[in-house]
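Sending over a structure as C-alpha cells; questions will come in a sec.
A, B, C and D label the chains in the order they appear, each numbered from 1.
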Amino acid sequence: MAKTLTINGQHVSAEDDQTLLEAALDAGIKIPTLCRLEGLSEVGACRLCLVEIAGSAKLQPACVTKVVEGMEVQTDTERLRKYRLMILELLFAERNHICAVCVANGHCELQTLAQQHGMSHVRFSYLYPQADVDASHDRFVIDHNRCILCTRCVRVCDEIEGAHTWDVMGRGTNSRVITDLNEPWGDSQTCTSCGKCVQVCPTGALFEKGKSVAEMAKRREFLPYLTLMRQQPR
Amino acid sequence: MVLEQLIAITEKEKKARKEICIRCCMAAGCMSSRGAEIKESIEKAVSEKGLQNRIEVRRVGCMGSCGQGPMVGIEPAGLLYQHVTPENAASIVEGLSGGSAEAELGDPKHPFFSRQKLIVCANSGRIDPERIEDSIEAGGYLTLQHVVSELQPSQVIDAVLKSGLRGRGGAGYPTGLKWGTVAKSPGTRKFVVCNGDEGDPGAFMDRSVLESDPHRVLEGMAIAGYAVGADQAFIYVRAEYPLAVSRLQTAIRQAKHHGLLGNGIFESTFNFNVELRIGAGAFVCGEETALMASIEGRRGQPHPRPPFPAESGLWGFPTLINNVETYANIVPIVKKGPDWFASLGTEKSKGTKVFSLTGKVRNNGLIEVPIGITIREIVEDLGGGAPDGAKVKAVQTGGPSGGCIPVEHFDTPVDYESLVGLGSIMGSGGMVVMDEHTNMVDVARFYMQFCMEESCGKCIPCRAGTVQMYELLTKIVERRGTRNDLEQLEELCDLVKHTSLCGLGQTAPNPVLSTLRYFRNEYLELLNKEVQESGSSGVQEQKT
Amino acid sequence: MSKPKLATVWLDGCSGCHMSALDMDERWIELASLVDLVYGPLVDTKEFPENVDIVLVEGAVSSEEDLEKIQKIRKQTKTLVSLGDCAVTSNVPSMRNRFPVPVVENRSYRETAQLNQQVPREVVPRLLPKARPVHEFVKVDVFVPGCPPSADTIYYVLTELLAGRMPDLTNLTRFGA
Amino acid sequence: MKVIKPPLPSEDKRWKIVDAKMRRLGYAGHALIETLHTVQESFGYLDKEALSFIARALRVPPSRVYGVATFYNFFSLKPQGVHTCVVCLGTACYVKGASQVLAAIELYSGIKSGETTSDKQLSLLTARCIGACAIGPAVVYDGIVAGHRTPDNAVEKLEGVIGDGA
C-alpha cells in the first residue's frame, strides 16, 4: 500500500516500508548523507540527514525513519543547513584533513559536502590529533588522519564480504577503526584483500597503493550489483 | 514453594527474634569505615556478656545517613548511634546492659529521618540483605504469590498504570504504559531487563537499594515478567558496585533455591529466570539501547529509536527495561493498591523518590521523600544546609544530563515537569549541593569532561562536539576565553542537544545551559577582557 | 582621491598563492589603475604601512614572527583576506603539528642537514607549538580556500571587494582546489 | 556441523575458570563481556593470547573482541601494578576536593592517572563514581574504599598500603 506525504511542500508517494530518505530520493529530493551507503545497513550516525517533521519536536534521521501517511517533512531549512555545516566543520577539526595533498582530492564526499554547504573555513579549533598511517598491506593503505568513523568499511567487510576484519576500538573521539586485534593490516589473518572497504570509504582514509594526489576515485558499482545478485527470487 | 511454606518461614523467623536487635549498617558507605569490624566487636561484646539470648546482632543495609556513618541502630528502643568505631562499638552493648555507651548518639527525630516517606527503602537498614528469610518475614514474595495465583497479567498492568508510577531512571515515562506496550508486542519470546547501570556521578540510590533489599527488586522484576509475558530477565549492574553485585548473586541463588525464581513459580505455569550481567565501566550503557547492546556482548553503542525496546529489544524481541527503583516500587503498589500510591506525590508525579543528597551539605546520605517536596526542604531541613556556615548557592540534579538549580528557585516542588522547567531534570536522583565557594563554570566543565570521555563515538555531534565544548570551557575557566568563544559554546550546545543520536549527547549541554542561564555572570567575569575584541576562537597552547 | 591600498603578505606557505596571483597576468595592469600595491614580496617596503584597505594573507601562522606580523597587519588593515588553504586551514604547514617543536627542529636542522648540524637560535624565528590558521589569531573578513586559489578566483575576490561587495566563493573554489 | 573448540592456551589452571564461564553461557557470542570479566579477574589483564583465544572459542571476530575490550574502562590490556589506587572523581567527591587528592597522590607516586609505576608496585586510576558520595572524597585502595580523604591522609594511607605488600 502506498503512502502519501509532503516533502518540502511537494506531494510525494512512497512505498509502505520505505524510509524518508528513499522516498525523497525517488522524488528527486537530495538529502545529504555521509555514513549511509545504499547496500549497507543503516547506522544513523552522521546526523547529516536529519529532517524536520511537523508535529515532532525532535529532528529525525531520514535514513532510518519510516514514512507515515500524511507526514509533512522539511529537508532543507535554514536551521538544518546550519546544523549540517557545523557537523561538517566538527569533522574537519577532529582529524587532520589536508585536502591539498590527499589522494581523494576531488573525489571526496566530505570535501564535496563542505563545498555544497558553503564552508569557507572551519570555525572550531583544529584538534590536530596524533593519527597514524598503516601501509603494511600489499595493496592498500589506511590513513587515520582522514578517517571520519562512518564505519562503512566495518559494515561492508561484515555484511558483504563476510570477513569482519574491521571494527572500531576505543570510544569517543579516541575511536579508531582497526583490523583484527589492532594488528597491522598487512598481518591480518582474516582480510581477504578484496578491497571493498577501500571503495566504500567516503574520504581518502582508505586508498590503493600507487595512487597519488587526487587520483583515488572510488568504484562502488559492485555494491548494488552484489545486493541485486544476492536477492532471493520472489 | 507454596504459600504455606512462605508463611512457615515467616513464623519460624518471628519465633527466632530476640528481645533486642542491634542493627549494624553493612552497606558500602559504612563498610568502608570499618563497618564489618564494628559488627564483629559488638558480637564479641554480646557473647562476652552472655547476652546472646536477649540480643540479636544483625547485618543490615543502608540506614540513609551515610555521611554520619558508620551507623548502628537499636530496636525496639529506637536509638541510633553514628560515627561508631570498632573501638567504641562494644560500649553500645554496655549501654544495653546497665552501663553507659560512649558512642555518639544520633537523633532519629531529626527532619532528615522524620520528613522521609519510606516505600522503596522501607526494608533498608532493617533486614539482613543476605538472608532471604529476613525478606520473607518482611512480607517478601507474598505479593508475587498473590499475583501469579490470583491476578491476570492485564490486572497487574492496570494496577501499575493506575498508580501513576513513572520511570525512576530519569525520563519519567509512565511505567504502566511501557508494560502495556511490551505485553501487546508480538514476539515468540520477551525479556525483562533491570537497568542498574547507575552511572551518574554523585548518585547511589540503586546501589543502596541493591545492597539493602535485593529481593524487593527481584520480586518486582518477576511481577513485571508475569505481566508482560517474559520468562527471562537480565539485571545489569555496574562493576563499580562489587557489594551490590555479590548481594544480588546471593539473592538470586537463594530465590532459585526456594523456587521463587525458576520454572513453575508457586506451582503455576509461570517461569522466570534472572541472569546477572556486570557492566564494565561505560556511562552510556545507562541508555537503554546501549545497555541492550552490552548485554548482547557488544560495544555499548546506542542505536536510533524507533524501534523502541518494547517492540524490538534484546536480540530483536520485545523487551521491558526499567530501572532498579522502578521495580522496587512494584511490590508496594500491588500490595497496597494503586490508589494508595497515587495519593502520594503531585498531580502528575506520584509516589516517592529516592535521592542521594551529597556535596556541600551537612547531612549527606540517601533520602526517600514524597514527590512534590520543595528543594528547600530537602537541602535545608533534611540536609541541614551547607557546612561551616557557608551559603548554599545551587543544587545539581540529574548528573551530566541535568542542570544546576539556583537557590532562588528552591521553593519549587520537586517533580518531573518542574525540574525540566528549571532547565534540569529529575534524573535518577543525584542531588549535589554547591555552596558559594563552588565555581559554576568549573562545574560545567567537569560535566562536559565527563560526557566527552563517556561519549561512545558513534554520532559526530556528541563525539566531536563535546570535545570542542570542553576545550572552550577550559579556555574560559583559565581566563583565556573571549566573547566569541562564549557564543560558539552556546551554538555548540544548541547543535549537540538537537542533533545527537542518544540521550547522552542530547543532554550533555544541559549543565552548561543551566549554568549559563542562572550564573552567566560567572562566565562573563572569567572572559579575557584584553582579547575580547580580537579574532575568533583564539588558541590554546600558543602562550605556553 | 587616492586609490585604495592593497598589500600582500607571505606567512608560512609555499608562495604558491602569490604565484597564482601573478598568474592574473595582464589583469594586474587593470588592477594597477584601481589600487596602490603598498606592501608584499613584490614590493620593496620594509614596514607594513598604516591604513591599508585590503590585505591578502598567504600562509599559516607558524612562528612568533608570523604572530607579531599578523597582529600588526590586523590593526592596520580594513579588510583582511585569508588567501589559500594555508591561511584558511593551516594546510601543509600543520603537518608538523603532531610532533613537538624540538622534534621538528631536530629533524630539519640536524638529522637531515649535511653541514652545520645545529638548531638556529638567531635570525630564524622561533616556531609556535602548532601552525594554525590565521582566523584562530585575528579576525578574518574574507576566506578564499584553494591550494592555490586560481588566478580567476583571486581576480574576482579583488574586483568584488573593490566594488564594495562581499565575494561569494561557494562555486568558485574549495579546500584543496 | 560440529564446532571445533580451540584448545586452552596453556596448562594454567586459570584457563579452566575462563572456559567454565564460557561453557555456562553456551559459548555464545553474548558471553563476550562476561568472559572478558573472568579473564581480567583471573589474570589481571587481557593480553593478545587471551583475546585471540576468546575470539575463537566464542566465534566472535577478533576485531570485535578488541573493539569491546577497548570500549569499556574496566578492561585493561596491560598488566596492572601489585597495588591499585582508584581516586573517585564523581561529582560529590569533586566538589569536595577530589582533584586535590588526586594531585597529591600523583605527586607522591610520580605517575599520572592511568599509569603504573616503573617498579610495577602501583597502578593509579580514577573512577567516574563509586557511589560512596556521602563519604567523599573517596579513594579505593586495593579494592577497599576509604572515605573522607584529604590530600594528606590519602597519601598517608597509600604509603601504608604499599608498605604492607612490599
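Note that in this section contacts are C-beta pairs under 8 Å (C-beta built on N, C-alpha and C of every residue); 3 or more make two chains touch, one makes a residue touch a chain.
Source: prediction; values computed, not measured.
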| item | value |
| --- | --- |
| Most distant chain from chain A, judged by the mean position of its C-alpha atoms | B |
| Pair sharing more residue contacts (C-beta pairs) when A-D is set against B-D | B-D |
| Centre-of-Cα separation between chain D and chain A, whole angstrom | 35 |
| Distance from chain C to chain B - Cα centre to Cα centre, in angstrom | 57 |
| Intercentroid distance (Cα basis), chain D paired with chain B, Å | 24 |
| Centre-of-Cα separation between chain B and chain A, whole angstrom | 39 |
| Residue numbers of chain A (touch at least two other chains) | 123, 125, 168, 170-171 |
| Multi-chain contact sites of chain B, meaning residues that touch two or more partners | 282, 299, 454, 456, 536-537, 539 |
| Two or more partner chains touched - positions in chain C | 130, 132, 135-136, 140 |
| Touching residues (chain side chain A, partner chain C) in the complex | 92, 96-102, 105-106, 111, 114-115, 118-123, 125-126, 128-131 |
| Interfacial residue positions of chain B with respect to chain A in the complex | 282, 299, 303-304, 452-461, 463-468, 471, 488, 491-492, 495, 498-501, 536-537, 539-540 |
| Residue ranges of chain B in contact with chain D within the complex | 28-29, 31-33, 65-67, 69, 198-204, 207-208, 239-242, 277-283, 294-300, 356-360, 364-366, 396, 399, 430, 432, 434, 438, 443, 446-447, 450, 454, 456 |
| Residues of chain C touching chain A in the complex | 82, 85, 88-92, 94-95, 97-98, 130, 132-133, 135-136, 140, 143-145, 147, 169-171, 174-176 |
| Sites on chain A touched by chain B in the complex | 43-47, 50, 58-59, 61, 64, 83, 86-87, 90-91, 93-94, 123-125, 127, 148-149, 168, 170-175 |
